[in-house]
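Chain nomenclature is as follows: A, B, C and D, assigned in order of appearance, with residue numbering initiated at 1 for each chain independently.
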């Protein structure tokens, strides 16, 4: 790898929102043929920095240079013309347009001023093949699951034939299989001379893929160095700034209590005729490739989509909850994967979001008890280390902090069953650790945690049992020592059906 | 024979009543006179069916309705126009098909109709203005209340008043308003004008329920009532009596509807009918108001107390 | 499934897929059209077809005008006044030295200009479209009333006969306009209307000039409404400063009936046009069924609710969330 | 400096100041405008819009819209005299009956939106059409002069010189503000308006809240209808028509987002006063109808520039 002049560079950039500085003089330089990691805890300003690099935001001061030449006002269109593409997190897609149109948006091939659909088709087919998108290209993005949308987002960036490709947490909603495809893709692009910037909270990925790292903390750069010779622990130390313990809390000997959930011939959405049961004090993982019915299983148990079962025993009741209110009343709560659209009321304040499920409980004589509410909010914010003014809009929080809010709002209900859909998506390593500890504590308190996750290590190290779904059916039910990455991935891909449950 | 009539249509006839908007009370009452007339004509074996449409105030829909009536080949179409020009083309189409088209109240521009029936809107305005001149001795400050802008009826009435106002420069028009022909907006507008104008000698109100609104505005603000012109709205007539007002009213008789059906059938029967039937404006003043109020109970409270009518009156009008 | 995309006819496949959610509405509209043809076979003649489509045409245009903005995440309450103004300008210019071509140009220019200004206000000053267009509706009405205080003006007969005679010119025009819309949608700017309506931030980050798209949307929408006014003037042979008023609500109703959502990016133009066709044919069908006014009102309410609710309820079983 | 900033982030307050400014300028320049009686009258008129807009505010906050407000006002104003039993000297029974009908109509709107999944705009528009049909049956054939003493009192009484309608409006404002800001249900409406999916997954029942909300909107429209009836002493067809667009305009002028999820009734209150004031201003200006219409539109646009900014992206 030769040190050439950087393709894209930021020098001494400052950026603040409403007077709150986020970036205080940050430097970063992206070189061709190199995968550059950008690390930092939630809210460190990573997304903000890439927004500056891609013209979506303007720096308050400092310069952005392309090929060594400073650019003045940089717009997204200008950035695209300079060969810069960004993989955003499901942010830039239009639900009602087709996959192909979404991929082409802003960069359509034209003929006589019209979109050249034939050329579009060819170009889109190519990039879709590269990322393994097999869905029909005419399908509206609205019909895709979150992980598949992420793949569309990646394909969209590739379609622009970028010289600089910026990926903001591209794997946070991808399954291991898809992440593998992406990793190979990144290798190919790097070898072709593309400059890559890679943001992720999954440090093992960073270690595997990246050659160089920039770490952001408190608005400044705390490290800017090569990753050669740095191991996993070293990376964590770089990022967190101190020695840390294991990411996953120790798993105590299984000590399950009474059966909390037991369903037979359960169908909901993609899930067809499965049997499933779980007991108090367990953490049950749900794994599989993206979109195999994991979400529908949770939503069905939560009463959020129509579900049926020949026999059901849920939280002491002899029937599935008919609607969300009933589930909540029975102590069942749900944390969705798509926090922006399903988990949070983005334009509302942190406080409003935290209090939403507890409004009725806290009311006295039909009126809201502001004192009690404020107390509860402060307590939740402290317990989950949600920093800053709770009157701020959730929208203005970084992804990880948003996730904390989405989880924290349920705690006051003292839930007995927690249905979690990818709860650590986009969450930094410290917060992840906190969440894992919390989940363990929940189980220890005799609650049932059902955890659907695309992060296989999470399933392996955290769960007492793992159910792997494939095409809406149970492909494997693993427990104890049988839980391993190989077993989960194998069952998910249908390669290895050993251990499949009846 | 009369205009449009080709003589190939035989009794009993199908009559289409293409209403522009059936909900307002004036329209309801008018429809009442039409239905009553049709009942009479059915007894005489002249009419077999009455088709009623309601364009919900949309002239475009009314065109569509009249087109459908042509398509359904009715024998006669009775119509109040939702716009003075918009229906011209579809109505001449109907006329070309030999359908007897009788247009009353809001008139179309085209002459390709069997008959147009109306009072004279210009005269309406002129007579009201003259009455106001007489009341005030040709000197004073008045406010003019008009119906909605852009509608030919309200425009014609206002135009009719203008020569009289020009001839009497002592009469100063302080200001004018345009509102729907309804009580609430008229009352609202008049109240604002009362505050802005300490001196008002008369209210020249040109139709609908505007006068009632005006009188109520004076009343509620504790201002002394002034001479007010108006129309035969029951509410206005009652207020006139109750407040001891100097009042004057004319009317657009609801029985224009009945007359129109009658005319259409007469024309289909081969009678000659005049192309324009001018209905004299009945005037209500202090000498006649008691007669009208005596019959008030027969009319809706938000309705119009119209003058009596019978076949003899119709025949006389048709004979002009 | 994947056969569709490997065939290479991506455009056609996308179009077909867009039809799917409209199946219910298509059925309802088809049922009404058949019923109408049974009640009045004359519709199948050239003259009958021409007259029917002429009466539908202006509603179809204003519905397109409204849908265009709703797809972009906006709405306009100035449709009716724009129709009136279009009619007034046509009726006041065509009799002058400008003649018919000048009159048409004047209408088109005024429509585009008003739309562009409105769009610029909404996009750059970030004011809510609904109230900007409400204010605009008063201003436009005022201008129409000043130009032509009462119905009148002049439209040459030949123009009326050409556009609204016994030939299906109006229908052909509609076909042309729909084709033009298709062509526009096949431009990056056109698709930008959808993208900016559904997800403005995402569209902006993808390089769509969101503000410019909004201004174009308003301009085209106003152009369509003004042209509808021109047609109304030709159809009626005159101008009327208030004739357009009912079109505002009707355009919204037709667009929503056709599945166009309030929040932008949801729905299709073909759906909106179908919605307007349903509103129009419903009037004729009710007439031929001999409904009295009371029944007309009630049936109209039922049909509108039913046309939306029935497909929705049928799809409910399939719906996920 | 900071005070100015926070003012600009507080649309209701801003709108209130705007009202005060308009009143001040108008009373200095226009004869008769500043009179106490006139301001009182404007408030009385604003009360009708304000009450009708109370329901509209709630519905819009939840991301819906109610296009049947005008029709419900008309129906209430016309039905009330018909259904007030003659043997009830207070007239209260008639009021209760009329309000029940109005609330029931609103409930039906909610049911259509919640169960049939008809978009609210279509549901309420269809309902307005329905009610027109009802009026064709009812109106024009029967007496609708109001003799109900409670309604007349509401329209005419002025305890302590304050019109009863304004007092009613104050009460409604208090209730609605409490509902939005001090009761759980208000927070739920707002959450549903901003993100129905997230709200539903947080245990907020869409169905129940939709029903409650549209019923409330019907109720408030009915209340406005009764007030209008009392002020005019007569109900007639079309009496409610002007209140449809004005109720929506008052809500939006008050800074509430038409897309739902953001806003407050505290903004609608000055919004209603602003609309009435503008109309009154234009009425006393002597100009042709066309020019008046232009002035009205321009004034609304100008006021909007000051008060109605949408949040930046």
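Remarks
Note that in this section contacts are C-beta pairs under 8 Å (C-beta built on N, C-alpha and C of every residue); 3 or more make two chains touch, one makes a residue touch a chain.
Note that the coordinates shown come from a computational prediction; the quantities given were computed from them, not determined experimentally.
Under the contact definition stated at the top, the chains bordering both chain A and chain D are C. Distance from chain C peaks, on a Cα-centroid basis, for A.
One finds 71 Å separating the Cα centroids of chain A and chain B. Mean C-alpha position of chain A lies 42 Å from that of chain C. The geometric centre of chain B is 35 Å away from that of chain C, both derived from CA atoms.
Centre-to-centre separation of chain C and chain D, using mean CA positions: 30 Å.
Residue positions 144-145, 149, 201, 204, 293, 296-297, 321 of chain C are each in touch with at least two other chains.
Contact with two or more other chains is made by residues 304 of chain A. For chain D, the set of residues touching two or more other chains reads 132, 136, 197, 289-290, 292-293.
Chain pairs recorded as touching, per the definition above, are A-C, A-D, B-C, B-D, C-D. Remark: chain C residues 75, 77, 121, 125-128, 130-132, 134-146, 149, 200-201, 204, 249, 252-253, 256-257, 261-263, 293-298, 300-302, 304-305, 308-309, 312-313, 316, 321 touch chain D in the complex.
Residues of chain A touching chain D in their complex: 302, 304, 323-325, 327-328, 334, 336, 341-348, 352, 355-357, 359-360, 362-363, 366-368, 409. Here chain A touches chain C in the complex through residues 54, 56, 75-77, 80, 86, 88, 91-98, 100-101, 105-108, 110, 113-115, 117-118, 120-121, 124-125, 134, 136-140, 156, 269, 296, 299, 304-306, going by the rule given at the top. Residues of chain D touching chain C in their complex: 67, 112, 116-119, 121-123, 125-127, 129-130, 132-133, 136-137, 197, 245, 248-249, 252-253, 257-259, 288-298, 300-301, 304-305, 308-313. Taken in their complex, chain C has these residues touching chain A: 1-2, 4-5, 8, 10-11, 13-14, 16-17, 183, 186-188, 191-192, 194-195, 198-199, 201-209, 265-267, 317, 320-321.
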